[in-house]
Structure formats: structure tokens, C-alpha cells
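Quick heads-up: structures coming right below.
Paired with chain B in one complex and with chain C in the other, chain A is shared by the two complexes that follow.
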Partner chain A sequence: MAVNPPPPPETKINPNDPQVVAEKIKTVFADAVESASAQGIVVKSDKLLDVTRYLRDKLSFDYLNNVTSVDYPDRFEVVYQVSSMDRGGAPLTLKVNAARENPTVPSLVPVYRGADFQEREVYDLMGIQFPGHPNLHRILLWDGFEGYPLRKDYKEPYYEEEKKPFGTRWDQGHHVIAEDRNPWHDNVKYPANFDAMSYKPTQEIYPTLGLAEATSTRLRTDKIVVNIGPQHPSTHGVARLKVTLDGETIVAVEPVLGYLHRNHDKIGERNTYLQNIPYTDRLDYFTSMSNNFTYVIGVEKLMGIKPPERAEYIRVIMAELTRWQSHAVAVGFLYNDLGAFYTPLLYGLEERELILDLFEAVSGSRMMCNYMRFGGLARDVPEDFLGKVQYLVDERLPKRTDELEAYLIKNELFLARAKKVGVLPRDLAISYSTAGPVLRGSGVKYDVRRAEPYSIYDRFDFDIPTGTTGDLYDRTIVRIAEMRESLRILKQALKDVPAGEIMTGKKNYQIRVPKGEVYGRAENPKGELGFFLNSDGSPNPYRYHVRSPSFINMGALNEMAVGHKIADLIVIFGSLDVVMGEVDR
Partner chain B sequence: MVEEQKPIQVAASEDAWLDEQVRRSVWVGPLNKVVDFVDLIYNWGRRNSVWPLGFGLACCAIEFICTQSSRFDMSRFGMELVRASPRQADLMIVSGTVTKKMGPAIVRLYNQMAEPKYVLAMGACASAGGPFKEGYNVVSGVDKLLPVDVYVPGCPPTPQALLNGLIQLQKKIDKQSIRDVAWYRKGAQEGVPEPVLGPDLFDARRVEEITELAADPAKLEARAIKIVKETKGEKK
Partner chain C sequence: MAFGLGLLNGLRYTFTRIAKTYIGDLRHLGRSHDPKEFARRQSVRGDGIFTAQYPEERVPVPENFRFVPFLVYEPKLDESGKPLVDAKTGKEVIGVERCTACGICSKVCPPQCIWIVRGTTPEGRPKPQAAEFYIDIDICMNCGYCAEFCPFDAIKMDHDYELADYERHTSHVYDVKKLLKSTTYYSKIHPQDWAREEADRKAKEAAKAKKPA
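Showing the complex of A and B:
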């Protein structure tokens, strides 16, 4: 079993280093590179497709981690992070400039299919056009929405000031509630001379029947469009799927997102760095501890600080407990989707309660922990905490993992419905930028904990479980195996957790973050969670973007579901284990 | 062996016998007392079989699921039967942030529910917008769209808090009487009109007001209360 090699030491030439890569690009495309620094390579817009094709095919940067954009006063900048599945290491940053008027950047969908949803998001929120994109329309907001919210000149209806903390929020401040400040007395704003009386919404009109005659069946059938969601008993929140069917066979699935778009990016840019920690809790609400962890890793990278040893160990313990419970519940929910209503889910939820009790003991809240801080933790764990974790890890959770596997995964009915269903081949899994168990289920041995070890993960001995065919069964079996690996890490961490400080420096409301840009990432239970942060040296981030694994994994749904029967759709969707809070942000 | 047939005990007169039977098994009283009695039974049945709509919006939905699961066990209150269809549900637990894009769908679900129906706003977001209130796609509380019966604070509320909210709802049901509830009144029950997704979400009932104000910026500006600008340390 080959393990991803750790990033090569500094003395050797780092193949992911932007300057090294830029030199290589220059040998092929002489005038494609505008500039190259440790922050990334700035590529000319018209050469972007050539450069990325070259990077993908010749330098094995076959995975597009993240697409986002920054609004500067004089230009827009689209930022890409690409990395290599085989080589690992830190992702390479590519940047493309776009003019302020009519910004256009060529679409990367022909090179990386994973760019599809991410470019649509950039178009939706920043208003950058991507010529060559097959389906460029709004994804998180609705068609017809006025304005591009992430532009710096966009002001929300409840806009008060550019940056928090607001001047009115102090003891004798004169705070007026938001509804009174807005002339509409509600969280809305309309353009001047908006004629609501004759407004006709640009409704999506789906020709549901008689689309075209289907060809593949013996019987004469029509294609029909079935709308699933946003309220649907499959318990995945407010996802909506627009499914085109030929008889019972799925022809196309288009996820319609944004029903839980809570404006994390915009609110995050008004907030100070510290104020964003509780918001990260609410991204993927099953894994608040890991979200905190990833965010503080990102900011610490930018600040150049390291937490003390004890804090590192406690962080890892929290992250792995989170992984165990998230996967346990994911397997339970998968059964819900298969039609075994609630009973299997209760196995997962029962153990989850024990872990939530531990989280409540350290943070005061069951779900929204808000526990990690830059350079350490909010507070030390209670005295009996580690003993309780030890009991869970030694006695309770291993038995439950075995039980879950025996009862559920070795169940014949499950095998019949899971094997060879929702297959995502290896190359497509990479191309669609899927992450986490979905990627590993397709046989890609890629885990950020090994590819670019963060915190103290390089000290632990654990395997990266992978599947072979990339079907629904493999993804589930990878989750179960990862639960075991989590317990292995927990055992090692509990053995050597040291005593001592839990915070470097003193606690601070306002941290000093130097100018710069960072993409901090970590392996969350759902996949690679990333935070793209752009600091201008002020107490608030200039740009705050969340690379959400659930959102990008959704992009591969069409590929997995086409050709299957409608009855399998929800199960395939469930096997992605998406959480809508993270999909829509 | 044939039992000897006992003669029916005949009262002194037929009327007296009938009176006796009526007195024993029929309760006679003023009409409003009768209605009270019907209310008691009717509400007892309704309060113990409030079927929630299986409708999860965000984080709070997970605590709602925990409330249903074995540790907190909502079925103690007769509420375990979560219905996927709004037509069969009595209670809409708005568990999470109400976004503008979701607004029309929530109102449609509410309109599809049969009376008597109740709405419980679970958590800070559903009550007032919560931590996401300032967002451009967030409705400041579900009560901007629907009438709400019970608010449960918390972010998210613990299962205990949700159970408390449900007990409050039961108390509310206990106080209702078939005399004055809306769904036994004459006249058709009209649903809440669905809000429309335009350049921003707008209420279909306020189109005239919106058109008038959008055309008159001066009048619109006058409606807003300006913040008194003052910095810390500055004396008035």
C-alpha cells in the first residue's frame, strides 16, 4: 500500500513551488505568465486554458481545489488553486486579472469539470462572466436578483458600516434596530422606480411533459421532468433536484441550490477574524469542531504562529471525535434514504449524543462549539474529560463501529442496492474535484492529512482507506474504515497528550494579521474544507471564501445518477453525504 | 337448564323510570358548559397528537432530529409521527434560517397544511434572523411571512428547549375553544399569498405600496431612522 509521500524537504526543488512552475510554463508559453511570486502565478487571461491544460497533462496538476475571486479597486482577480493527486504537497495558486468593466475570464470547465459550480458561484456573487461555460446562470441566488453581492460596492439592505465592530455598539451607543434603519422596514431593497404591480417573475418554466420522445425503450415513452425538493423527506435539508426522466431512467440531474444561502462570505468580510469562528460552526453543522480547526489553521498560517503542544493534541482529539460521529450519522442517514426509516439512524445518533456531551462539557454548546482560537483553544478541557474520551475510544466506539458494520454494511439488502450503483470512476472523481470519502471511494489515495500534513498529523500512524470501483458501497465502506482510523489516531493522541499551556500569547479580541493571502485547508469528514483569506492588514478579512466540499461534491451527482432508476437517485445523493449549510453557505 | 327469567324492575311509573335512566347517563346543562366539555376532549386529543411536518431547514433541524431520537424521545408527547406531506401535518417546526429563496416554498407549504395548524419558530434565525440577520438573502424571522405560535430561543435550541416549546404549544391548544377558533368560522379560509422573488423578495399584498415608494426616493428616505453618529468618548 503506497502512502502519499510527504512534501519533499526545503532543500530539494519543490515541484509545486510557483516560481519553479512559472519557469516551466515560460519555456512552453513564452508570454503567458505576467508575474510569479510565492503568492502564486499571474497568468494572462487568453492563455489560461493553454496553461491549465499544460499543468494538468504535463505537470500532473490534475485537481482543481478551489475557484474564487477578489474585488480590488482597480480590477477583479480570479484565483485558482490546483494540486496534484499523486504528488501531494501544497496547492499551486494561479491568478487571472479581469477588467472592472465587463469582467470576463475563460471558463475552465473544458479542463477541470469541477470548475462548473464554482465558476457559477463566482458569476452569481461577483458578476464575472465565463465564456465557454456550458450553463452559466445564477446558482445560489435566483435569476432576476439585483446586484452582485460580493462586490465591495454592494450594500446589503441592513448595511450599517463597512466593518465591525460598528460604532453604535457600545454601552452608550445609539443603536437603532435594523428594521427601523431600512426604509422598507424589512431586509429588502428595490431598485428605484421598481414597478412591483406589473412585475412578472422570470420563472423557470419547465416543460415537464412531451419534451421529446425517448428512444431507448421498447415502449413509446416521453421524457418528463420531475422536481424533487426543496422540501423532501430525504432529510438532506433544502436541496432541490431537477430530474429529467425517460420512463424510470434518469437522463439528467440538475441540482438547484441556494435555499440555505446564508451569505457567509459577505458577513465574513464585515466581521473581524475572531467573529468569524462562530460562523464557521454553522457551515457544516455536524462538524463544527473541524470547521473551527480549519479556519484557525488558515489564520494561523497567515499570522505565522503555532499553538502549544497541548492545544494541538486537544484539537486533533476534537477533530477525530467529530469525524467519527459525522460518519456514523452519515451511514445512518444513508439508510434513511434507502427506506429503512429512522431505526438504523438511531444507532449513530445514540453514540453521537455521548460525543456531544463531551463537546458540551468543553465548550458549553452541543453543536455550535466555537471552541478553537488563533494560537490555541478557548479554554482547557475539564479534568475528567480525557478519561471519558479514553473510555469511549477503548470500550464503546470500537464495538459500535463493528456493530454498525455487521448490522448495516454486511446486510444483504444493502449490498443488493449499493453495489455498482452511483459509480464514479477514478479519473472523473478527480476531474470533478470531489473530495473526502467520495474521492477515496473512487480509489484515489488522497487525504489532506497525508498530502499536506497540518497540525500534528505527521506524528500519527494511520492508513487512508480507499475503495476500488467508486460505487455507493465503496463510499460507505470507506466511511466505516475511516471511523476505525479515527479511533486509531485518538488512541495515539490520548497516550501522549501533554500538560501545559493551551494558548500562545494572551487572549485577544483583536488579532494582528499581516497583509497577505492564504488558502488554509484540512481534511474534514465531508472532504477538503478550505478557507481562502485575503488580508489587507486591517482587523477584518478583505476577502473570506469557503471552499466547501459538499458544494463541489454535488457537481458530480449528475455523472453518478445518469442511467440509474429514479428510485436510486436519493440513495446516490445520500452517499455524497452533503450538508446543505455547507453547500449553500 | 333454563334460568328463570327475572321480571324487569318496573318503577312506579314509566316516566319516572325514564327520568332515572336519563339522570344516570345523560348530563344536562347550559350550552356553554357542554361546549367546554367538548373542548376538553377535543383538545386533549389534539394536544397529544400534534404531528410535525418533516421539514428541516438548517442546523436546528439536527437538534429536532435529536429530539425525536431515543434520548429525548418526542413521542412521549404524541408527536413522533413526522409527516413528509404538509397535508397530514398539524405543526410546522421552522427549524433554521429562512432565506428569501426559500420564502415562497415555506408559505406554499404552510398553505398546503390543513387547519388546525400551528407554526413553531425554532431558534434564533427562524425567530428573528439570528446571526445571519444582516445577510442579503435572509428573512428576518419567519413571522415576516407566517403567523407564529411559539418561539423557541437558542442557537440552536437544545432538545430540552424544543420540548419546552412543544409543551407551551400544548398549553396553547388547551386554551383554544371550538367557539372562537378561526377554522370553524364561516367564510372561506384564504391562504397567505406567496411572496414573489423579484429583484428582491416582495410581499404580494404590498405591491401598491412598494411601487409608490420606489418611485418617490424622498418619501422613502424619510421612512428610515438614521443612526446618531457618535464615537466612543465623545461627550454630548
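Showing the complex of A and C:
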């Protein structure tokens, strides 16, 4: 297994550079490339499958980071980010154009299985067809939904104006309650001639029925479909798992998502860049500090500014504290799923409370931190903050990490339930675009902090823990090991936090973002969180997309769960550590 | 490892925790909600039980805590320099409203919950004072941008988080009357911010006074 080397020095040819890769593609497929620039390679739609296969097999771009789409006045564009697990470095951007009428782009599922959920999302929200997709239907919205909400001409129910700030607020802002502006029965748009009583879903409700023959020869059993959720305590929020069972053995699992869907992308396009920061808090609400961090990194890339040293250090401290507490809660909740109700969870939550106390003292809110700004931080930390973190990092958290490991990981009951359960082999983990502890649990040594170091992570000495078999046990072990690595980073960061400014330039509520496109990413506790931003130079982003690790990790659930018992499904689902606020967006 | 040892090992932690909680209780025998003990339990050095028995016990909020904005006014002062208090309402009499109705808070507000009508002079020209100012607290997401970007220190974040109500359509839309709170209140909940802002203001005034001389 290759170790991610540090990014090659400038003088060497960068193998991930779009122009370099485009030349290589041209030698094999002469007319496949339409154009190539630093923004990415535009590939012809009918050659997309060939090109991606070539990229995967010959140039080792084996990982599909992100699939999204942009609605331009004259065309649609589907944007792919691919990267190499072994080589690391910045992801390569591929683009495919599609016509305005009946946009179609070939499906990438045969090449990257991780494209499954992401293409369904693009189809759902942008209305682009993906011929060759095995199961192309809406994923976040319901089947009878009218329209494609991410298209620029779509107007949502409580629509006021195209962009914020709304002109009605100032200087003649006579208050109107939202329900008065749009009464409750007018806030849903139904298709023409829609009749609720005779409505039949276009999708077969139980497509997984009849997938396999009954396995037992002695006793013939029928397969049944069980819905777990959406109101079920073990689904970590409102998710529904449509499970096909043969007796108690799982034949197929299909996650049904979208119960918390609010179209974060569309809200983000209505907002200004600054107004998006508090909204990112609400994605994965366990890790709001890192969400802020990632979004701010993306916009700073576009603006070409860098925060001062002190701000960089404080950002890293916040991100690593977030990682520790997120993993502590993940391990705690896993025990809930295993049937050890609430006692182990509360041990994790107790330490989390202390970290949240610190976040509250710094930012003013425990979970919705809204602490990072473009070019710095909202405010400096209180005087006693660093001392408190130092005490936690030196004295308290290492002990708690050991304790968590000792009473959980060394417990035979856990070993019996976790070993060889929910196995995700290395190649499948990559193919399914899983990220974070799920990917590393399967033995892939990939961490964005090392592969494409952002902020000041290149200054710290830390390891990337990996598992070997990719089972539930490995994923949990990786989380605990990462908690230790976080503490290691924290210790190094605390040692040399410089004094000084926390903000580059003056604080301004009107932010100028130059034209351009960027995919900003960072290693969140749940995996690679990415923000795809397309700026047209106006105060609001033209396109704003979130690559949500929880959502994409969920795509591998079926692969892990088939063949196990239903009790194991709950634990496998728990080991993915998904947060529905981020899955449904 | 013999089967069951790991299990017993895990239980040892659980029992240690229980014991620690009871030791804490014994230390403050008969005073179950002792504030000192509560503060210790909640601190980074706490062990044993860490839950707060709300509403008997309340976790104190830090100064930066933000919850629903309010408008700041400077109270009218009497001869001795103390704020005048209205005998009827028990509130300090409004001297100067700091808000100039510039609209930055309503422009920066992410969910757009601030509505401002700018005041006009009798001649019909715009006046730097809000005629109407509404905050829809059902929509407010407590992000604190309004307070952060206000150039006049006129809007600040409150600490009062107990806003439960029986009705939401009229009582959850705060108008100027409900939003205005005096600087005395502000200096109490944000002592450090207040001291810093006052020092800045005094430095600016001193610089201004120096210039013409």
C-alpha cells in the first residue's frame, strides 16, 4: 500500500494538472477533449465513459470525489472531481456539457459506484438524465414532485426575491408573517391534474422483492420488506431503510432519504457568501466548527486571501476538538445501537459537553458556532480559553480516550458483534467514494489533511490510522486512534499559538468574490467535506454545492449489510456515523 | 483473555463513576443543589454526575453567548449622573436610541428576519432613527451577524433564552418597544465588551477634542 507522499514541488510536472492529463487523454482518444484549462477538462459526452475508465485504470484516478451540476443560460454542465488515492494532490475536475432540452449525460456508475447516489441527486434537483444508471429516480424529493429545484427558473414555495438581501426589509420594512404572504395550502406545488387519492408512485414501491431465492432448503420462507424508520431511534434521525429480508437475513437495503431535505444548495445560492456560514453549521450539526472551516477555506481559495497565523492555529484547534468530540459521540452511539443503552454514550457526551462549553465561550453558541470568517475569525478567544484546552488535552481527554477504548474495545461482547461484520473491502470502499473513518477502516491510507494539506496541517506531525479488513471493528478502532492523533495535533498546535491579529483586512459585510470556480475540501470527522462554488462576481454564489460525506458513505450501506442479520444492520448503519442534517441537506 | 474479564473491566468504570457521584453528594450533605459543588461538577475538573437539574440548577452562560438581538439605548441621566427610572414601568427612561436605521443589520441577516422602516422628519426627509423596527424571533437563527456588523454598537445579542410562549403570531414579532434595552443592562451582561467599547469611544472623543486645538 503506497503512502501519500507530500505534494510534489512546483518544478516537477504535476500529474493531477488538468492540462497535463488532457494531453495524455488526447493521445488515446483523439477527439474526446473539447478544451482544457486550469478550471478542468471539458470532455465530450459520448466519450465520458471511455475517458473515465482510462483515467481510473491507467492514470490511477480511482476515486470520484464529487458529482454536481451547474445551470447556465445556454446549457447544463455536469462537474466531476476525481482524485487518486495513492498519489494524493488536488482533485482533477472533469466537465461535461448537456443541452438545455432533455439534458443527458452517460452514467458513471459502471466506472465509479459512488456515482450512484450523487447522480440520482443531480437528476432529482437539476433534471439531468443519466442513461445507464441502474436505479435512476428521485432521492431527496418525493416521486411526484413537480419541477427541478436547482434550475435557475425554479421558485420555491416561500419565494420572495431572487437574491438576498430582500428589498422589502429596508427602508420600508413593514413586517409580514411568512404564512400571510403564502397561506399554508398554497405552499405546495402539485403536478397538473394531481389527485392525492388516486396517486400511484411512478417507482415500484418494493423493487427489491424477488431478488434472490430463499436460502433455506428445509423451510421455505417468503421474502418480506420491512421499513425501518423514518421514526425509529436507531436511524440517527429521520432516515428510512427499506430492508428486504429472507427470514432474518438481509437480502437488500435501500435507504430512503430526504426527510430533512431543505435544499441547502438553493438556499446557498439565494444567500450572500457571508450569510452561508451560519447555514453550514446546520449541515452536520455535530461538527459545525469544521463545516465553517471548510466553507471558509473554499471561499478564501476563490478570493485569494490567507488568514493570519493566530487565526490558522485557532482554526486547527477548533477543528481538532470537533473531531475528538464527534468521534467520542460516534463511538458512544454505536454502543446504543449495540444495545448498551446510554451509559457508554453519556461518557462520550460528558467530554463533549466540556468541549462545547469552550465553543460556547468562544463563539456564543454550543452547536451553531458560526465562528469562522473569510480571512480570519469572528473574534479572538477569551483569555482563559487556551489554558482550559491545554488542561483538557494534557490531563483529561487522553485518559478518557483510553477509558473509552478499554471498556469498549476490549469487551468480548463488542468483539463478538463487531469483528467480520459489515465488511467493506478496500477496492469497494474506494469505488463507492466512501470517506473518512469508513474509507480508512478499509485500509486506505487517505486523509485530505495529508493528501492535499490545507491551512497549516503540513506543519504537524501525525499519523493516519487505518484498519485492515474494513469491518465494523476496524472503523471503530480507526475512530479511537484518530481521537489520539487529534490530541497529538492539539498538543503541537497549543505549543506555538502566536499572538497577534485574528483577521486579514477589515471586517466587511459586503464581500467581493472574483469570478471563478473552486472545489474547497477538508477532512471532516465524517469524511471529506467539500464545497463546490461557482462565482459570477456578484455578491451571491452562482452555484453552491455541498459534497456531503454522510450522504455518500450511505451509498455503501447495501454492500456492507447484505447477508447479515437485521440486528447487525442497525450496528452497521451506526458505524457509518451519519448525521441526517448533512445527508438530506 | 478469559471470557468475561473485559465485561467486568468495563463495569469497573461504571461503578467508579457511580461512587464518584455519591462522594460528591456526601461532601455537600443536605445541600443537594449547592452552587459551589455544581460549578465544580460542570467544570473541566468535574467527575461523577454532570447533568444539571434544570430549572433548579442553571448553567451560567458565557459573555459571548448570543440569543435574539436587542436594541441598545442610552438612558436619560439625572443631576448626579445616575439613570432616571420610570416609576410606573420600573424601566430606565430612554435618552438616546443608538440605532440610526442604516439597515446594515437587516441586509446582513441570513434569514432576513429584521424589518426596518426608516423615520422621516416632519419635512419628509429621512431621519437617522428607526420609525419601526421588527425582529421576527421565530425566524431569527441567533447567528449574531447584526451585532457583529453594526457600526454604532446599537444592536447586541441578549442572554435571555427562556422565550416559551402560548402564542406565536404576535408575541414573537418584537417591535422597538420590546427590543429596546438600556446600556445598564448591556453593561451587566457583556461587561468586557462594554469596557472595551467605552474605552474605544473615549479614545475617539479625546482624539476629536485634541484635533481643533
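The rule we apply is simple: the second predicted complex is superposed on the first by the 542 of 585 C-alpha atoms of A that agree within 3 Å, B and C clash if a C-alpha of one lies under 4 Å from a C-alpha of the other, contacts with A are read in each partner's own complex, and residues count from 1 in each chain.
Quick note on the criterion: contacts are C-beta pairs under 8 Å (C-beta built on N, C-alpha and C of every residue); 3 or more make two chains touch, one makes a residue touch a chain.
For clarity, every value in this text was computed on a predicted model and none was experimentally measured.
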Taking the superposition on A as described, I'd like to know which of chain B and chain C A:527 touches: first, second, both or neither.
neither
For A:375, is the partner it touches chain B (first), chain C (second), both, or none of the two (neither)?
neither
Figure out whether A:361 sits in contact with chain B (first) or chain C (second), or with both, or with neither.
second
With the two complexes superposed on chain A, say which partner A:190 touches: chain B (first), chain C (second), both, or neither.
first
For A:40, select first, second, both or neither according to whether it touches chain B, chain C, the two together, or no partner.
neither
Check the residue A:173 against both partner chains and state whether it touches chain B (first), chain C (second), both, or neither.
both
Where does A:392 make contact in the superposed view: on chain B (first), on chain C (second), on both, or on neither?
second
Examine A:549 and indicate which partner it touches, taking first as chain B and second as chain C; both and neither are also allowed.
neither
According to the stated criteria, A:181 is in contact with first (chain B), second (chain C), both, or neither; which is it?
first
Going by the touch definition up top, name the partner, chain B or chain C, that contacts more of chain A.
B
Overlapping contact positions on chain A, where the chain C interface meets the chain B interface
160, 168, 170, 173-175, 178, 278-279, 350, 353, 368
Residue numbers on chain C that touch chain A, as the complex places them:
1, 3-4, 6-7, 9-10, 12-14, 17, 42, 44-45, 50, 61-66, 101, 103-104, 106-110, 112, 114-118, 126, 132, 134, 136, 139, 141-145, 148-149, 157, 169, 173
Would you mind writing out the residues of chain A in touch with chain B in their complex?
140-142, 144-146, 149, 154, 156-158, 160, 167-168, 170, 173-176, 178-197, 199, 201, 230-233, 235, 237-238, 258-263, 266-267, 270, 278-279, 282, 285-286, 342, 345-346, 349-350, 352-353, 366-368, 580-581
Using the touch definition up top, name the residues of chain A that touch chain C in the complex.
160, 164-166, 168-175, 177-178, 271, 274-279, 343, 347, 350, 353-354, 357, 360-365, 368, 370, 378-379, 382, 388, 391-392, 396, 403, 406-408, 410-413, 415, 507, 509
Can you tell me which positions in chain B touch chain A when the two form their complex?
54-59, 61-63, 65-66, 68-71, 84, 86, 96-97, 99, 101-102, 105, 109, 129, 131-140, 144, 155-156, 158, 196-202, 206-208, 210-211, 213-215, 217, 220-232
